[in-house]
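Below: one structure, written as structure tokens.
Labels for the chains are A, B, C, D and E, by order of writing; each one numbers its residues from 1.
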Amino acid sequence: MPHDTTITTPRSGRTTVDSSVVAKATSAHRKRRATVWAIRLALVAGWLVSWELTATYWIDPFFYSKPSAVWQRLVEWFTVGTSQGSIWEQIEVTLQEAVLGFALGALAGVVLGILLGRSRLLAEICAPFIKAANAVPRIVLAALFVLWFGLGMTSKVATAFVLVFFAVFFNAFQGAREVDRNLVNNARVLGASRLRVLTSIVVPSATSWILASLHIAFGFALIGAVVGEFTGASKGLGLLINRSQNMYDAPGIYAGMIVITVIALLAEWLLSVLEKRLLRWRPQAGGTEVRV
Amino acid sequence: MPHDTTITTPRSGRTTVDSSVVAKATSAHRKRRATVWAIRLALVAGWLVSWELTATYWIDPFFYSKPSAVWQRLVEWFTVGTSQGSIWEQIEVTLQEAVLGFALGALAGVVLGILLGRSRLLAEICAPFIKAANAVPRIVLAALFVLWFGLGMTSKVATAFVLVFFAVFFNAFQGAREVDRNLVNNARVLGASRLRVLTSIVVPSATSWILASLHIAFGFALIGAVVGEFTGASKGLGLLINRSQNMYDAPGIYAGMIVITVIALLAEWLLSVLEKRLLRWRPQAGGTEVRV
Amino acid sequence: MTPDPVIELRNATKRFRASSGGVHTAVRDLTMTVRGGAFVAVVGPTGCGKSTTLSLVSGLEPPSEGVVLVRGEEVFCIPPGVGYMFQNDAVLPWRSVLDNVASGPRYRGSSRAEARDRARVWVERVGLAGFEGYYPHQLSGGMRKRVALAQTLVNEPEILLMDEPFSALDVQTRSLMQDELLRLWAGSDAAVVFVTHDLEEAIALADRVVVMTASPATVKASFDVALPRPRNVEEIRMTDEFLFVYREIWDSLREEVNRAREEASHRAA
Amino acid sequence: MTPDPVIELRNATKRFRASSGGVHTAVRDLTMTVRGGAFVAVVGPTGCGKSTTLSLVSGLEPPSEGVVLVRGEEVFCIPPGVGYMFQNDAVLPWRSVLDNVASGPRYRGSSRAEARDRARVWVERVGLAGFEGYYPHQLSGGMRKRVALAQTLVNEPEILLMDEPFSALDVQTRSLMQDELLRLWAGSDAAVVFVTHDLEEAIALADRVVVMTASPATVKASFDVALPRPRNVEEIRMTDEFLFVYREIWDSLREEVNRAREEASHRAA
Amino acid sequence: RDSRVAGDGPIKIMVGGLEKVIYLPARLAEQLGHFRAEGLDVQLLTEPAGASAGNALIAGEVQGAIGFYDHTIDVQTKGKCIQSVVQLADVPGEVEVVARRHAGTVTGPADFRGRKLGVTSSGSSTDFLTQYLAARAGVSSSDYTTVKAGAGPTFIAAIDNGGIDAGMTTDPTVAQLISSGKAEIMLDMRTEEGTRAALGGLYPASSLYMDCAFVARNKEIVQKLANAFVKTLRFIESSSAEEIANRMPADYANAGRNLYVKSINDTKGMFNGDGRMKEEGARNVLDVLALASPSVKGRKDQVDLARTYTNEFVDKVRP
């Protein structure tokens, strides 16, 4: 970060903090990141090696596959393509379903969660219905959605939607309920209308709750899309995995899971960037002091 | 509540609040509850009637079934039994799987969430792995669990476990991160060891986050059990629904969903009782004033 | 000179549902009026119900019995022209100092630029020039209080409710703020209800000091402070009139505080 | 009579990473000693770094440069025998008053019953008898401060760090608490570092008043208060010695406060 | 959305498991270019369960479905009309396998008593056939435990770790189990003799079925489909397993090419080569369902078998 070299002290006249202090702090930070990445990589490597070894000498790779076979399958998919066509096409289809389901589900979850979180009567009335709806197994729903919405994209989006909606809804609801009454009262006295209280106090207050739920929600959206594709589809990563299952292609199953996971991690990274922007106002968690 | 008639005023000598004030407040409270229930029932009734009517005159009950048929199927299950044996047996099996998965998943989620929420290094190292694991479609996992753990209860418990774990984990993690630093510092100065800080400050602070996640988690546990049963089983509600699907028995599908929903609502109610006990210390949300 | 009361409480009673399931009376049979342009200070033992009284006037809480009138009209929602500085921090942690202060004008329909311009003036007046872009967590407790003050004053309220606004400020800033408050108030027609624990502050600022009884709160006594205006808070403290009024109010207050403590121990027995 | 210093800061500097990415120096080159059994009051402009100084002594924050010694040993973790009353509310909302006060003994290994017995005594001493079973949200701000005080004192610390402990109390309770604090302190060998905004309070309580510079904080001047002990806080205020010391410290402090304000506006320009 | 009337866009055919060898003709027809040769734009979709394929068909999501013939009878009892237009096989192609460790003790349906029997899914054709087999041997369905073991790896794992003692499944699962020595064949319903021996008659299973109304209104399209499928069946009849495997997409043999060829070889005999339904077979299916399916039980007389299949189109296919 180039900003690291700016020094802000109210008493700039007396300041003797030289830039070496800042530089040291920055290098300590870099070192830490390097350590973290080293440990992560070591963990991954250890896991892959032990998997490869056990699958070679001990357990049955027919069920468990092994990293080298999975890697081979991945290479094949990305170079030759899959039997359903280019792997990118599959990714695109699944991603499209997941993103749509995510966006709609998150929006609906936030709006309904906040509304119900702020209105006791509505919340009391709706609570049992929402809890009931949440208890409906998604896999059954996925089958129903195919009947209701057809085999097209809609049914997958709907499956992703319900998964995302509930995850976000419950957090937004709780976040809206936990809003500091003081802040609300202050805004009301300052002249905020009910709507403005909602948008300028309740929503920002609930943001950390909502963001916490979004972290898991995109994973859910992907799962929803995959479940939907399992139920009936002509393209998509879910179908690819499903076919691998049916064709005793264990490497294919794991390869498909890896592709999905990588997508989820990318989405997660995007979300983290968003979170950092939205929560700029928050004191950073421990460990931000410059130790020199 | 019999307690409603106790009057607590610091200045009991001057108190002229007669019990009629309390009685009025209590009756207002009752009235409110009655209204809420009336609206809920009206909604349910309206929904059932419109479903019955549309299914009779407009949409195809082959797919959408209708309330009367569903009711008939429910009655049959509870009097005659299902094709897999007594309905109670099915409920017991599914419940057992769900409860076990729920308990283990919630425990693991809370413990890991709080540990990672308090340790920046651990969190940084593990974060991508946990997010990756969360992105693995559960339906694929369910199939893998059957391969790994067999067709018995273990594979269903494992499916329920992963669903519950992630829901709880992310909230516990966030809850542990949001703990007021002041409280932690105070406890440390008062002499609390790291462990005591965790148990006496962090855990209670994160309680409202954790409880929020538990609300959806039991629903997830049920879903996990059902998904597991879909993949392979000899008993359980999931299998019952799957069977109905295979036999074009729409009323059976809906009846199974209703049984699961009712179970989830009962569990939800138990959780609410627990929540009330655990969060006794909290100021109740708005609307608790006695308006007389 | 003595316009109609802008604030009037008539036998106002406020009860809360206690968590034990019983009912806790915070304010009982409180009758009190504040005329337009008056500066009334309220003192009383901790926990007696001072904050609750302000919340009744602001319309944030409805009275359980009795009526609350502002400018002759019964209060159902928040009356226009009321400013309320809360006892607890109520600045928005996700807004910078400037945007926090600009909240009021924004809520009341000003454009963003206009609101910020007005806010900037007030940020300077409370001595926070240079901190416009800071977020509340980057400020000390005292600085946050000043943000809250600016936030309230930027709306130029006609009725100003202040709940221990200066209790977290350092002595110097505090007396500066007190002087500033008096200056601003003198230039306006605002009625001020000022809750404080600091009797000196109460006397130095107010036209009238109201002493509240121990819980449940009601008016115990009301003392006029006839010190000449404009006042310089620092200087006035040492005058004989000041010390006389101080002693008088002090005696009245001490009684209540002792009573509050006794009752607490009684209840425990 | 003059034992070795129990608290010693040698050229202690504390920097924070500012959210802008830069570095903010809160305390700079601070050197200061407190002898065993001494009562030192610390005053300074808001936001100068007083709370940060206490957090260095308590071991909650490590210094960026320099050393902090408690009883001659360098501070790495929280030194035993330290009590710290925070500026912000730090009572546990999920524990009743009694259990909050009993926290310290419980953490230090007492049995539940014993801890509660000790806590009960302290709850009474701070005037909260009868409120043992209340939860913090059911108490007023002042009552919560008293809970925090009892929570700290029940551990009978040898080094007592207090960050504006009485700022939210009403006048009467405040002077009662001040007297109580002096009484308790006289009966112990505890060293007290007492941060306050109230100069009167500082002089009335302390043996020595330390004035801090505007941010970054360092010791500007130190004034011995030679008023005889035992003191009655109420009475001492009116004596000539008191007023003399008051004026002296006031002049020193005023300079810093003005400097702090100027710099703030300079930075803005 | 209702595509029961042929409009623009491709003809969608839902297969209850595109990779299953018993449904091989669907993908093979596409690979051989028979659809294109007929001027048809066919899109093959896949679903894990036969019933879902049936549902998709009835919902009008697809124009055709490839699955077991018995679905046509089942849905008729619920007031729906679908009919088999090309009957791909006269036998189910299912195999009752028994885990190697029980091979000595469980030799026929009479030994089902007290056993855990795997079926692909509860309420599926394998479930009905298992019940029928047991009933013929005098074992009631309450005397054994039916376990849903799925098809594919989960079935193999279940045999492997004792989740089931015996079970009914198709190729390539069977080939996999036999070649790895995990199980042995008890009843082979991939051939006519085996099926007659096990069930006392034929049991036509794999078929292309379509909505009756669609068939009535789009005879040309159905005829073209029938042409394509019958040609494919003839190709299967006249080719070796090796040749067929060569025509399939490479990844179908991901679990091992030899295994795939073997499973085609073992199964290819079940396809009837002409797409015709034999009346005897249809009647036998009804008998099985009347015993095992709760929806057909007691309603056997109300079922109009003539509406569940038609040979009208396959008969018109040029030789």
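Rule of thumb we're sticking to: a residue touches a chain if its C-beta (ideal position, glycine included) is under 8 Å from a C-beta of that chain, and two chains touch if they have at least 3 such contacts.
Listed by chain with UniProt protein names: A, B = ABC transporter permease.
Since this is a predicted model, take the numbers as computed values, not measurements.
Undergrad: Chains in contact with chain A and with chain E: which ones?
TA: B
Undergrad: If each hop has to land on a touching chain, what is the smallest number of hops from chain C to chain E?
TA: 2
Undergrad: Could the interface between the copies chain C and chain D be described as same, meaning over half of its residue numbers are common to both, or is it different?
TA: Same: most residue numbers at the chain C-chain D interface appear in both copies.
Undergrad: Please state whether B-D or B-E has more C-beta contact pairs across its interface.
TA: Most C-beta pairs in contact, of the two: B-E.
Undergrad: Using C-alpha centres only, name the chain that sits farthest from chain C.
TA: Most distant chain from chain C: E.
Undergrad: Please tell me the distance, in whole Å, between the geometric centres of chain C and chain D computed from their C-alpha atoms.
TA: A distance of 27 Å separates the two centres.
Undergrad: On a C-alpha centroid basis, what's the spacing between chain D and chain E, in Å?
TA: 83
Undergrad: Between chain B and chain C, tell me the centre distance in angstrom, where each centre is the average of that chain's C-alpha atoms.
TA: 45
Undergrad: Provide the C-alpha centroid distance between chain A and chain C, rounded to the nearest whole angstrom.
TA: 46
Undergrad: Two-or-more-chain contact residues of chain A, please, as numbers and ranges.
TA: In chain A, 10, 63, 143, 147, 230, 245, 280, 283 touch at least two other chains.
Undergrad: Scan chain E for residues touching two or more other chains and write them down.
TA: 52, 55, 59, 153, 157
Undergrad: Got the chain C residues that touch at least 2 other chains?
TA: Counting only residues that touch two or more other chains, chain C contributes 18-19, 88, 130, 135, 138, 263-264, 267.
Undergrad: Quick one: which bits of chain E touch chain B in the complex? Just the residue numbers, please.
TA: Touching chain B from chain E are residues 49-52, 54-55, 58-59, 71, 74-75, 78-80, 116, 121-124, 127, 145-150, 153-154, 157-158, 161-164, 293-295.
Undergrad: Inside the complex, what are the residues of chain B that reach chain E?
TA: So the residues of chain B in touch with chain E come to 62-63, 83-84, 143, 146-147, 150-152, 229, 231-234, 239, 242-249.
Undergrad: Give the list of chain D residues in touch with chain C in this complex.
TA: For this pair, the touching residues of chain D are 18-19, 43-47, 51, 87-88, 124, 127-132, 135, 138-143, 164, 167-174, 197-199, 253-254, 257-258, 261, 263-269.
Undergrad: Which residues, counting only chain A, touch chain C once they are in their complex?
TA: 10, 180, 182-183, 185-193, 196, 200-201, 204, 207, 279-283
Undergrad: Which residues of chain C touch chain A in their complex?
TA: For this pair, the touching residues of chain C are 55, 58, 60, 78, 82-84, 86, 88-90, 92-96, 103-104, 107-108, 130, 135-138, 151-152, 155.
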